[in-house]
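Note that chain A is present in both complexes that follow, paired respectively with chain B and with chain C.
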Partner chain A sequence: MAVLTRKKKPTSVFEKLSDETWRRKFLRNVIIPWIFISPLLIIHIFVVAIPAVQGVYMSLTDWTGIGMNVNFVGLDNYHRLFFEDETFGKSLGNNVIWMAFFLTVPFILALFCAAMLAQVKRGGMLYRSILFIPYVLASVVTTTIWKNLLNPRQGIGAALDNMLGLEDVFGVAFLGRPESALISIAFIDNWHFWGFLMILFLAAMQSIPPVLYDAAKIDGANRWQEFRHVTLPGIRPVMLFMYMMVAIWSFLAFDYIFLLTQGGPAGASEVIATQLYKNAFFRFQAGYGAAQGVVISIFAGFIIMIFVTLRRRGWDI
Partner chain B sequence: MKGIKFLFVIAILAMALAPVGAQDVSTVTMWFAEGSTLDCWGPIMLEFNDIDPSVQLEIVPQADTWNVTRTAVAGGGGPDIVRTPGPSYAYELAEAGLIAPMDAFADEMGWGDFFFDWALDLGLVNGQLYSLADELETLLLYYNTDVFEANGWTPPDTMEELNALGEEAAAAGYVVFSHGNASWRGTNEWFVGEYMTQLAGPHKVYQALTGQLPWTDESMVEAVEQLDAHMQAGWYGGGIDLYFTNEGTTRRAMLADGTAAMNIEGSWAIRGLEEYHGESGQGWDWVPVPSHDGTDYFTIGMGNTSSINANSPHPEAAAQFLNWYFSPATQGKMLTSCRKGPAPVAISEDVMGDLDPRVARVYAELSDASANDRYGYTTWTFWSPSGFNYIIEEIERVWVGDITVMDYLEGLDTLMAGELEAGNLPPIPSR
Partner chain C sequence: MTAIGKVSIRDTVLQRGRGKERSRLLVFNHTVLLLLTAFAVIPLLVLAFNSVKTNLEIGQNPLGPPRNIVPDNFPDAWEKGNFATTMGNSIIYVVATIAAELVLGGLAAYALARKRPPGSDLLMLYFLVASTIPLWMYIVPLFVQINTLKRLGVDARFLLIMVYVAGSAPLTIFLLRSYMIDLPTELEDAARVDGANEFQVLTRIVLPLTKPGFLTVGLVVGLGVWNEFLLALTFIHDPNQFPVTTSFYKFVDRFDRDWSLTSAGAIIIIFPVMVLFLALQRQFIEGLAEGGIKT
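So, the complex of A and B:
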């Protein structure tokens, strides 16, 4: 009679290393994956991790951005940022306005258009392409186009005034007035951005099983009810993910603002990133600029934390 | 066999001698912004290569030249000739040990013989010469001669006359000063420095820069208040909001087509004026920016500086190029061919004779003002980067009514006191 014996599982390190099966398993499950990921990891360490740590260190110094004359100043830069620099609060406020704008206007536009386009059976690709084109334009191109369009002397407003025989009615300097500069830039950035959001929502809507709509129809749901009870829950993970991304991007807003007004007039469109750039590259206060960069990262981390918490609580994100 | 040996010896000799030949040529690199300036300057600068085959200049076109240069230089690389946007930038590089002192070359090549005395002083850091200033510039009051003739106006000498003329021009429907800062926000600082110089006087500006007078002095307050009054009256660009949206091209076009009567801008504008007025067919001329008492003060500015990279393998060759480039002959040629603002060197009167008299007069008057204590200070040359950035950014808050002129000057005073104490101001030539 054959006796079945179970092979003893290696427990100590020595036993494990001398066990052929364990060695193969370890190689397959641990070593090989690390070998595959190592090129990316090494690049990440050098391109992201080390500069990030350096950035944090530089934020504790008075580095000018030139040479290596660096003096450790502790938390002085942060103290100046939160307690002495009046413009920081204003810039932060502008970032919040920017975020509020981008968490509403492009989302409403994109949802509405995606819902409309989802119904289009013929020529849908053409509409999608047309609406997506602004997204692929470089920010320099977009801002140049809009700078010209909004120019109060030569833009569309001036042309309308000329056509209607009016004087300075439509030819308004939207980018030259403190009360309208920031929102005008947000409008231009949104013109470029919302098509991207619309395509994402449309793709998410098209992945919703049609049977759900059929069931809703059988239950007597109208279009609005279908949208509210089938479409919105169906695209919720994409929407919430984009909410998180847009909230983070709002703290990184830079190119459109810098290209259109450089934060002016009179700081009306200043945000943290434009301030950071000016401190680091115009005023030779790279250490202070680094502190602003760290603060932006902390805000972004805070937003991510909110979403991670929600996910842990069972939200479908 | 002998043949093979002979060939072998020849090959060895050729290999040994080839590097010697290559080492004989020192290539001096210079990074330069792409564009029309390089198109005109480049061929003239490359004429240097005909003088001595062992020293050759290589111009590398770069976008965003200053940022690229300082990043490369900080990393131990970069071109042999390091160009910066002004003395305050060169000062930072020198403090960081990234550019080399040039005193030995200056003595050996006699730079003191052709540079103005104060000009070499601008490049001193801790008593050593680190940079050579280039592109001498000043601010002028340009005007459209057709508009002036049609209205029977004469160019103003004093601020009082300018105020009267401005009111008349505005009433006649002209934009008083064709201006706007949409293309270059730094435009703001031209006026702050200019009004301070013309109304408070260059001596007071000097005293304030050297910490002997507060920036809140009554004369400074009056100067900035006068600028604010002009701005509030809509004299600049046709209104404050239009000033913030007018591009550089609009600025040129408005003066050239007679929409605007005048323009306060630097001597660098002449090339653009020639182009735009050439197209419109209307004339232009200039006078010194009016002062409080009619004295012709000229603020002095430098468009950029040149230094030798501390890590350059050929500092002597680089100095040789700088010696040729800054010579009055080369500067004169670049002035006549490209309207380049010359370096602060003594250019012969023969060269000036070939120029448009309006252009020649700029440099003759500037030279006269220099010699007779009538020179003032442009903010981008004599203020620290923090100082002139404050001037640029915060003056807009005065114009839109966020802060008062006194608030503005108090902020400037606090900042400049700190900069002076920290030794961050570029050298101010004593007067």
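So, the complex of A and C:
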């Protein structure tokens, strides 16, 4: 409202610039804030925005990744991905299996554990901390531990066989066999991940007003009904959000697979990201790898769109 | 009066009933929780056991507690895994990334929370959209850029730090901005009335009061960088610049059969994280939960 009380309101750019107070205000409210913002913004633009745009262009070329020979090939790479490259379909299928695993196993485990933990008063903090430990470990360490534990001759399986007097029932190379490789990696990744999900659910459960539980009690609800009608609706926003995040992450999965099997044996645990990595960095198919990156991003964007649409329709996330 | 009396009697009855029910059912709760705790801890316990066994003993007793403790594995792994160099590198990556992230992110968040210059909304939209772009969309062109810059003589370590800073920029801005918005402006106005300039307002009022936000960002970013594997593997090719993760990856590859050595190496890597985690449990857990929900 200061503007109204001022006698002469500078209008043209020239007048504004010659007005001392306006200049000072402009400096304080526009220039300096943008100077504060710009370093991080510039770094981000150079690291993410520009390469992302380049990635789209690169996916339309046959560039090998070295040298100057770049030919524009249109959608050839995408055609090859979806219609010629059989390994891509297999990898995509593995991503879907991965997603099915991670949308069920860690969620059930975390939900169950958080419900158990929410009722515990004494020692609750201790459980919480210990169960969270695997989440803070580096993937290189986690995978090393489990590679040893799943070793067919010296791991848990062999010990179990020994104990039960069996031979080669549990002591098999879970990571080395095509039928069990992917699911074993998912199991290991989940060992690391589920505690994190549990903590999120627990925090959400603890923020449910206790009055609601008392009301349920008075209405004669049993524990299952309490869980079903008070706890679950209370943590639904967090659950749905994590459903979205986990669904997205399923298409980005890389570390554990690359570290444990590199996609093997014979492509049994290959996912899009490991394939992309090999194409771009080992096989001199940068253009083709970039196209796979774009496809992954489209899948991720698609999942976000589904959730945004559901949210718009009143499905509160 | 009677109504109140009735309610309170009903309450105590309910409570007593609940108390009985609780104590009975908590046995089940604790059983489940102990089993899950064992699931989380036993692999780590086996790792710790194996790190102080000889390879010979691991051959006969791969899972149980050690019969004799051999501490030699640690200096041996430290030597062969080149941990003196790679630990130093990792510390550089972590400290530099946290420092850059907190300084640059703090400045940007402050400007966005308090000054709201024209274009702020557009910028927030940019970071919102950018935070959904997967690394896989830009890793190949980024690799090319970084190689070009490396050939021009730019230090690869600096470039990796910039990639880390950019990667966590959206999270940092969202988190710090929300912490700053929650801060009542009266405090800042009072400081201004007392003659503080903008810089003093930021360093004397805003920063001390939003410390928890900075601690959260620092922990989330620092842990992420310490554990990070893929970007370091892709962008750092000089073994003298490896962080512990990629160096350990090659180390495990080389000493595949030597479990005592690789287990000791793994313990060396997780030791600093565990110490920090045990010291700052609450901040770690709540910070990571917050970071996870807000990304």
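Simple rule for what comes next: the second predicted complex is superposed on the first by the 265 of 317 C-alpha atoms of A that agree within 3 Å, B and C clash if a C-alpha of one lies under 4 Å from a C-alpha of the other, contacts with A are read in each partner's own complex, and residues count from 1 in each chain.
By our rule, a residue touches a chain if its C-beta (ideal position, glycine included) is under 8 Å from a C-beta of that chain, and two chains touch if they have at least 3 such contacts.
This is a predicted model, so every value here is computed, not measured.
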Clash-or-fit label for the pair chain B, chain C on chain A: clash
A:K25 touches, of chain B and chain C: first, second, both or neither? neither
Partner chain(s) touched by A:F281 [first = chain B, second = chain C, both, neither]: both
Contacts of A:N69 with chain B and chain C, given as first, second, both or neither: first
Chain touching more of chain A, residue-wise (chain B, chain C): C
Which superposed partner A:H79 touches (first chain B, second chain C, both, neither): neither
Partner chain(s) touched by A:I145 [first = chain B, second = chain C, both, neither]: second
First, second, both or neither for A:R228, with chain B first and chain C second: neither
Which of chain B and chain C A:G176 touches, first, second, both or neither: first
Contacts of A:Q262 with chain B and chain C, given as first, second, both or neither: first
Clash with chain C (superposed arrangement) - responsible stretch of chain B out of 61-69, 79-87 or 385-393: 61-69
Shared chain A contacts, counted only where both chain B and chain C touch the same residue: 65, 151, 154, 281
Chain A-facing residues of chain C, complex: 14, 18, 22, 25-26, 28-30, 32-33, 36-37, 39-41, 43-44, 46-47, 50, 58-59, 62-63, 104-105, 107-108, 110-112, 115-119, 123, 126-127, 130, 132-145, 162-163, 165-167, 169-170, 172-173, 198, 223, 226-227, 229-230, 234, 244-246, 248-249, 252, 259, 262-263, 266, 269-270, 273-274, 277-278, 281, 284-286, 288-289, 292-293, 295
List of chain B residues in touch with chain A within their complex: 67, 70, 74, 92-93, 95-98, 181-182, 185, 239-247, 250, 385-386, 389, 393, 396-397, 399-400, 402
Chain C contact footprint on chain A (complex, rising order): 28-30, 32-34, 36-37, 39-41, 43-44, 46-52, 54-55, 58, 65, 109, 112-113, 116-117, 119-120, 123, 125, 127-141, 144-146, 148-149, 151, 154-156, 158-159, 191, 195-196, 199-200, 203, 217-218, 223, 238, 241, 245, 248, 251-252, 254-255, 258-259, 272-273, 276, 280-281, 286, 289-290, 292-294, 296-297, 300-301, 304
Residue ranges of chain A in contact with chain B within the complex: 64-69, 147, 150-154, 173, 175-178, 261-268, 278, 281-285
